[in-house]
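Next come two complexes, and both contain chain A; in the first it sits with chain B, in the second with chain C.
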Partner chain A sequence: MDLTQLIIRNTLRRRLRSLLTIVGIAVALFAFTMIRTLIQAWHAGVEASAKDRLITRNATSLVFYLPLSYQEKIARVSGVERVGRANWFGGEYKEERFNFDQFAIDENWLDVYPEFKFSPEARQAFLEDRRGALIGRDVANKYQLKVGDTVQIKGTIFPGLWEFTVRGIMEGRDAKTITRILLFNWDYLNERNKTELNRESDQPGIFVIQLKSGANPAVVAKEIDQLFANSYAETLTETETAFQQSFVSMSGAIITTLNVVSGVVVLIILLVLANTMFMAVRERYREYSILKAIGFKRRQLRTLIFGEALLLVSGGLILLALFLIPIFLLPPEKILGPLNVFFPIFTLAPSTILLVLVVATVLGAVSAAIPYSDIARARVTDGLRRLG
Partner chain B sequence: MKEQDLTGQTLITVNHLTKSYTRAAEKLEVLHDVSVTVQSGEFVALMGPSGSGKTTLLNIVAGLDAPDSGEVIVAGEKIATFSEDQLADWRAQNVGFIFQFYNLLPVLTALENVSLPLSLLPMSKQEREERARFALEVVGLADRHKHFPAQLSGGQEQRVAIARAIVSDPKILVADEPTGDLDRSTATDILELLRKLNQEYKKTILMVTHDPAAAEYASRRLHLDKGRVVD
Partner chain C sequence: MSLVFTYSLRHLLTRKTTAFLTVIGIALVVFVFVATLMLSQGLKETLAGTGSSENVIVVRSGAQNEMMSGIAREAANALLAEPEVARVGDQPLATSDSVVLVSLKKRGSAEPSNVTIRGVGEQALSVRPQVRLTAGRNFTPGSREVLVGKAIHDGFSGTEIGQKIRLFGTEWEVVGLFDGGRSAFNSEIWGDVNAFMPTFKRDQFSSLLFKLAPGVDFAKLKPRLENDKRYQVSVMRENDFYAAQSDFLATFIRIIGGFISVVFSLGAVIGAMITMYAAVASRVREIGILRAIGFRRRAVFVAFVLECLMISLVGGVLGVALASLMSFVAFSTTNFSTFAEVAFDFTLTPSIVVWGLGFSLLMGLVGGALPARAASRLKVLDAIRQAG
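The block that comes next holds the complex of A and B.
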C-alpha cells in the first residue's frame, strides 16, 4: 500500500459523488474553454496583424477618407519602404452582409501583405484585368469558386452591382492568416466612383505602410502625422496591431461580459470541487488523526488531500478532452453556424489549453488547501477524542 | 518481529509531569506532578475513573501530546523536546497504537491496513507485504488478509488493528480501552493476544482500562485519581 493507491481508493470511496464532481468540473471547464476560445477568436485580427506595419487613416474617423496625394508624401518619409492604399468595400455576396471582407487595393498593397500567397501568374492576371479579383482560400472553398469564375457583389457603401472575375486564389502563410477576403483593383473602384457614382474620387480609406528594416514604428508614425498636421485631413498613424485592437475595443462591453462569465465559471468549478473536498476530508477527519498518530507527517497528509483533489481535476480534464476533441475536429462553420462569419478563426489555441490546465490545477490546489489546513492544524489528541 | 531482550531495563521514565487544559477560560489540571517508570517488557494497566488523567498520560508517553512541565524519557530519548516531524518519525518507529474502536481504513484490506505504517519506513514492497502477513499470522488472521474491515467482526477488526500496531516492531504498544467495544468472550481473546505479545515477544504494553478483569492481564496496575498516581 502506498500513498498513490490510498489516494485512488479514497477518491473512489464515494463513487457517485466523485463522478458527479468530475462531470461538474468537465462541464464547467468546457464552458470556460469555449468562452476563452471565443474571446481568442475576437482577437484573431489583432494576432494576425503585424507590429511593424503601419496604418494611416483620417484622424477624425475611419469614415472619412484621405487624399490620394498623401501616398507619395508618405513614401518619402524616412523609414518607409513601401506604401499601399486600400478602401473597405463592404458589399453583399449572395445577399449575405458579412460573408467575407472585400477591399479595393493597389499593387503595393500586395507587397505590404506577404502573408497572402499566390502565383506570379495570378498576380499578373489580376493587375492586367481591371475587374479582376483575388480571393482567399476560405472564400474559394466556401462558395466553390475557381479561377475564371465571375463574382457579383452588391455594393452597400458604393452602391450598384459590382462584377469581378476571379484571377487567383490566395493561400494563407500560416493558420493565423485570415483568408476570408476578396481583393480587387483600387483603380476600378476609383473609376466607377468618378464616372457612375458621382462620388469624390482619388480618396483612399487607409494607407498601409511597410517599414524599412530597423525603422522605429513610433518615430515613423509620428513623422507621418506631423507631415499632415493642421491640414484639412489630418492623419492618425498607428501600428496595424493597434489599429486592429481599436476594432476589438469597440466590442469592449461584450468582451468584458465574456470575461466576467468565464470568471463566474471558474468560481463554479471551485465551489463544486471545494464542496466535495470539504465533505470528503470532514468525513475522514478521524482517519487522518489515526494516520497522524501512527507517524504520518503533514507532507504525507498534504499529498493525500491535494492528490485526491488533483485526481478529481484530472478526471474532469480527461472528460473535457473527450468533449472537445470531436468538436474541434469540425470546421469552424459547423461549430458556430451563422456566427462563423464573425469568427473566421475559431480553433483551440495552445495558450487556451495551457490556461485551462493552469486554472484547473490551481483550483484543485485551492479546493484542497482549506480542508488540508484544518487537518494540519488539528492536534492528534483532539482528533482521537472525536473517536468516541 | 524480533523478541526484545531488554527485560528489566527502564524503558519509560516520567518525572514530575504536569498537564492542564483550558476549557471555557477555566484552567483544568489533568496531571499533577506525576512520576512513573516502566521497565522494558512490562504490561502496565492504567486505571482510574473518568477524568483521572490516564488517557492524557498515555498520550504524552506515546508522543501524541506534550506536557506543560516535567520530563518524559523513552528509551533514553527526551521526547518532549522533539519537533512535530521528529515525533511523527519517533512514533512510527517506536509506538504501536491500539484504539477502542479499531479505526481501520475501510477502503483498505486487512493486509493493506496492516502494512500502512510500513509505508513510512524505508523498505521494499515485498518486505512490507511479508511483514504484514507475518503480523496477521501472529494475531491469527492470516486467512483474512483480503477482507475489508466491513467484512470482519469487531474482534477480528481489533486483531487487525493489533497487527497494524506490531507490524513495525515498536518498542511500546499503547492500548486505550482495547476491549471497550467488545463482548466478554472476544475481549478475553484480545487480552490473551496482548498477553502473548507481552510474554512471547517481550512487548512493553501500556493499557488504559476501566475494566478490572482486563487489568488482571497486566503485570502491574497503576491507579490514577484527579491527576495523581495513587498506587
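The block that comes next holds the complex of A and C.
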C-alpha cells in the first residue's frame, strides 16, 4: 500500500466527518469568493476607466458645474488632443432610480470614449436627432429596447418628462466596458434648461479629455487646473481612474468592513478544518506511533497528515466549483437581486479564483501543521502506551 | 435532569480544544450577524432621528433629496405665509435652506468626501431643537462664518474653531461646533443661507422647513399644498423625508449582512456537527453503560443536544459581547441616496441581543440534533461491546 492510498483510506475512515468538513470548507470558501467578487464589482468603474483619459470637474464638488467656455481653453492646452463635455442626468426610468446612468454628451465625447462601439449610421442618426439617444447593450437587453423605440425618463435634477428615441445600440469593446448607460445630445439638455426650466445654461458638469500620445497626464492635469486657479469656478483635473476611484473611496468604510469579513471567513475555514485534523490525528495517535515503530520516516508521516488535509481542501474546492458554476452562468441581475443596481458588472475574475486556491492550500497546510508537530515530537513508546 | 446537565457540562470541560474551536466559530458568526443588525439599526435611527414629526419639509415636486430640489423665493415666501405654519409673534417658525455638497478631505486620508453644506435661516435652531451648540458661538447673519457638526469635526481635517474652510475661492471661518444628537445633521456644516446663496450662485432654496401650527391636520395640508399649481412641491413630515433616504443604504447593508450571516451560520453549524459527532463517537461505550443502567433514549438525546446548546450559547454570548464593543466605533460612509457623507453608530438594542443569542442557540440545535439522535439510537449491547 503506498502513501497515497493510505491517505485516501484515512480520509474515508470517518466518512460523515470528512463529508461535513468538505461541505463546511466549500460553504465558507463560497462566502469568501462572493465577498471578494463583490469588492471587485465595486471597482468595476475603476477597472473600466483609462489612465490616460482626464476628467475635469468643479473643485468644490460635482454638484457644481463649469462654464462652457472652459472647453475651448482646455483644448488649447498642449498635450490635449480632444475635449468632450457631459452632464450626469440622474433621471428615473420606469419609476426606478439607478437602473442605468444617463449622460448628456457632445459629439467629441463619443471620440474620447472609443470603447463604445456602434455603426457610423447610428452615430449620424443620433447626432441629427436632437432627441436621439444611444443606449448600451445592457440597457437594450434588460428593457428589450431596439432602435426606433421611445424611452421616457423622468428628470430629478432636471425636472420634467424627457422623451428620447433610440438611434443606436452600443456594444462594449470588452467585458470590462459598462454598457448600462444612455447617452443623449447635450444641446437638447442645454436648450430645455434655457427655455423651459429657467436654469443657468451653458454649464457642463465635467469635461472629458483625450491626450495626445506621449503626453504626461499629471503634467497636463496640473496645467489645466492652473488655468482656472483663483477663478470663481476652480477645477480639479485627474485621470479617469482616479476620478472613478474617488467614488469607490466614498464607500471606503463599507469596503474595509467587507475586507475584514472576508478575513473572518478565512478564520472560520481554519477552525473547521483544524478541528477535523486535530480530532483525526488524536484518534490515530497510537497508529502513528506504530507506523513510526515499524520504520516510517517523519517525512512519510508528514505526507500522510498534510496529504489528508489537502485532500479535504481539494474536496471542498470541487464542491465550491459545483456551487459557483451555475451561479455565475446567470446574468448579474439574477445573482444580485435588488443589489444589481449598484453593480453593473459581477463576474468571477481569474485573480479571485487564484486567490481562493492559494488561501485554501495555505489553510490546509496550517491546519495540518499543529497536529503533525504533536506526532513528530512524540516518543514512540509514549504513543504506544496511550489509549485511543 | 440535573444529572444529564452535569454529564454534558463535564464532557465539555474534558474536551477543551475542540469545544473551544467550536465556541470561537459560533462567536465569530454571531459577531458578524449582530454587528450587521447594529449597523442597519444605527443608520435607521440616525436618519429617522434627523427629523421631527411636528415639522414639515417642502421640496420641489419629484426631488428625492434636497440637493436636487429648488424652490423659488416667491413661492417660499407664499408658502411660509400659509396659516398652518407655526409662529412666534409674527415670525414664522421656519427655515429656508440651501443645501449643496462640497468635497473636503477626511482626517488621516488624502481622499475627499462629499460633505453637506446647509445654508439655514435665523430660526434654524428653534425649528430643530435637537441641534445644540457645544462650543463657540452662532454665526453672525450675513457673515462668512460656519458651524461644524460633531461628526464632521471628528472626521475631517481643518474643522477646528478659528480654522478656515475654502469654498469657491472664499474663506469661511469656523466659529462654533454643534451636536445634533443622533441625526444626520452631525455630518453637516451650517452657515447663513443669505451668505451662502450668492457664493454658490443659487437663486433658489433647496427646501423649506416649518413647524406645524397647533391643531393642524397634516393629512389635509399635504394634498392642499401639493395640488396648488403655484408651488409644484412635495410636502412631507420631516422625519419621514429623512428616513426615506436611509432606504437604499439600509437595504444594501441588510442584504449583504443577511447573505454573510446565512452562509457563515451554515459553516458554524457544520463545525458544531463535526464536534458533536466526534463527542458521540468517543463515548459510545459510555452511552451503552448509561442506557444499561436505565437512562432512556430521550435522556441521551437531551444530554447531547444540551451539550451542543451550551457550546453555542457560550459562543453566542461571546459574539454579542464582541459586537457590543463595536458601539465605540463610528461608521461613516457615503449615503447612496444623496451622495453625501453620513456618520452613524453601531447601535445595540435589547431585541438585537435576543436575536443574536437566539441565532446561536438555533445553530447549536441544528448542529447538535443529528449527532444526538445517532447517540440515542445506539443499541445497548453493541455499544458496550465496542472497544475504547
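Basically, the second predicted complex is superposed on the first by the 382 of 388 C-alpha atoms of A that agree within 3 Å, B and C clash if a C-alpha of one lies under 4 Å from a C-alpha of the other, contacts with A are read in each partner's own complex, and residues count from 1 in each chain.
Throughout what follows, a contact is a pair of C-beta atoms (placed from the backbone, for glycine too) under 8 Å apart; a residue touches a chain by one contact, two chains touch by 3 or more.
A quick note: this is a predicted structure, and the numbers were derived from the prediction, not measured.
Aligning the two structures on chain A places chain B and chain C side by side, free of any clash. Set side by side, chain B and chain C differ in how many residues of chain A they touch, and the one touching more is C. In the superposition on chain A, A:F64 makes contact with chain C only, not with chain B. Touch criterion met: A:Q300 reaches chain B, while chain C stays clear of it. In the superposition on chain A, A:T276 makes contact with chain C only, while chain B stays out of contact range.
Of the two partner chains placed around the shared chain by superposition, chain C is the only one that A:I157 touches, whereas chain B remains out of contact. Judged by the touch definition given at the top, the superposed model places A:L127 against neither chain B nor chain C. By the touch criterion stated above, A:N10 is placed in contact with chain B alone, chain C being left untouched. Once the two complexes are overlaid on the shared chain, A:K292 sits against chain B while remaining clear of chain C.
In the superposed model, A:L227 makes contact with neither chain B nor chain C.
Distance between chain B and chain C in the overlay is 11 Å (nearest C-alpha pair, rounded to whole angstrom).
Overlap of the chain B and chain C interfaces on chain A comprises residues 387-388. By the touch criterion given at the top, residues 59, 62, 64-65, 84-85, 88-89, 91-93, 97, 99-101, 103, 105-108, 112, 115-117, 119-120, 125, 128, 164, 176 of chain B touch chain A in their complex.
Of all residues in chain C, only 17-18, 21-22, 24-25, 28-29, 31-32, 60-64, 67-68, 100-103, 109, 111-114, 167-169, 200-201, 251-253, 255-256, 259-260, 263-264, 266-268, 270-271, 273-275, 277-278, 281-282, 331-334, 336, 339, 341, 387-388 touch chain A in the complex they form. By the touch criterion stated above, chain A contacts chain B in their complex at residues 1-3, 5-6, 9-10, 12-13, 286-287, 290-298, 300, 379-381, 384, 387-388.
Chain A meets chain C in the complex at residues 14, 16-17, 20-21, 23-24, 27-28, 30-31, 34-35, 38, 60-64, 90, 97-98, 154-157, 159, 200, 230-234, 246, 249-254, 258, 261, 264-265, 267-269, 271-272, 274-276, 278-279, 283, 337-339, 342, 387-388.
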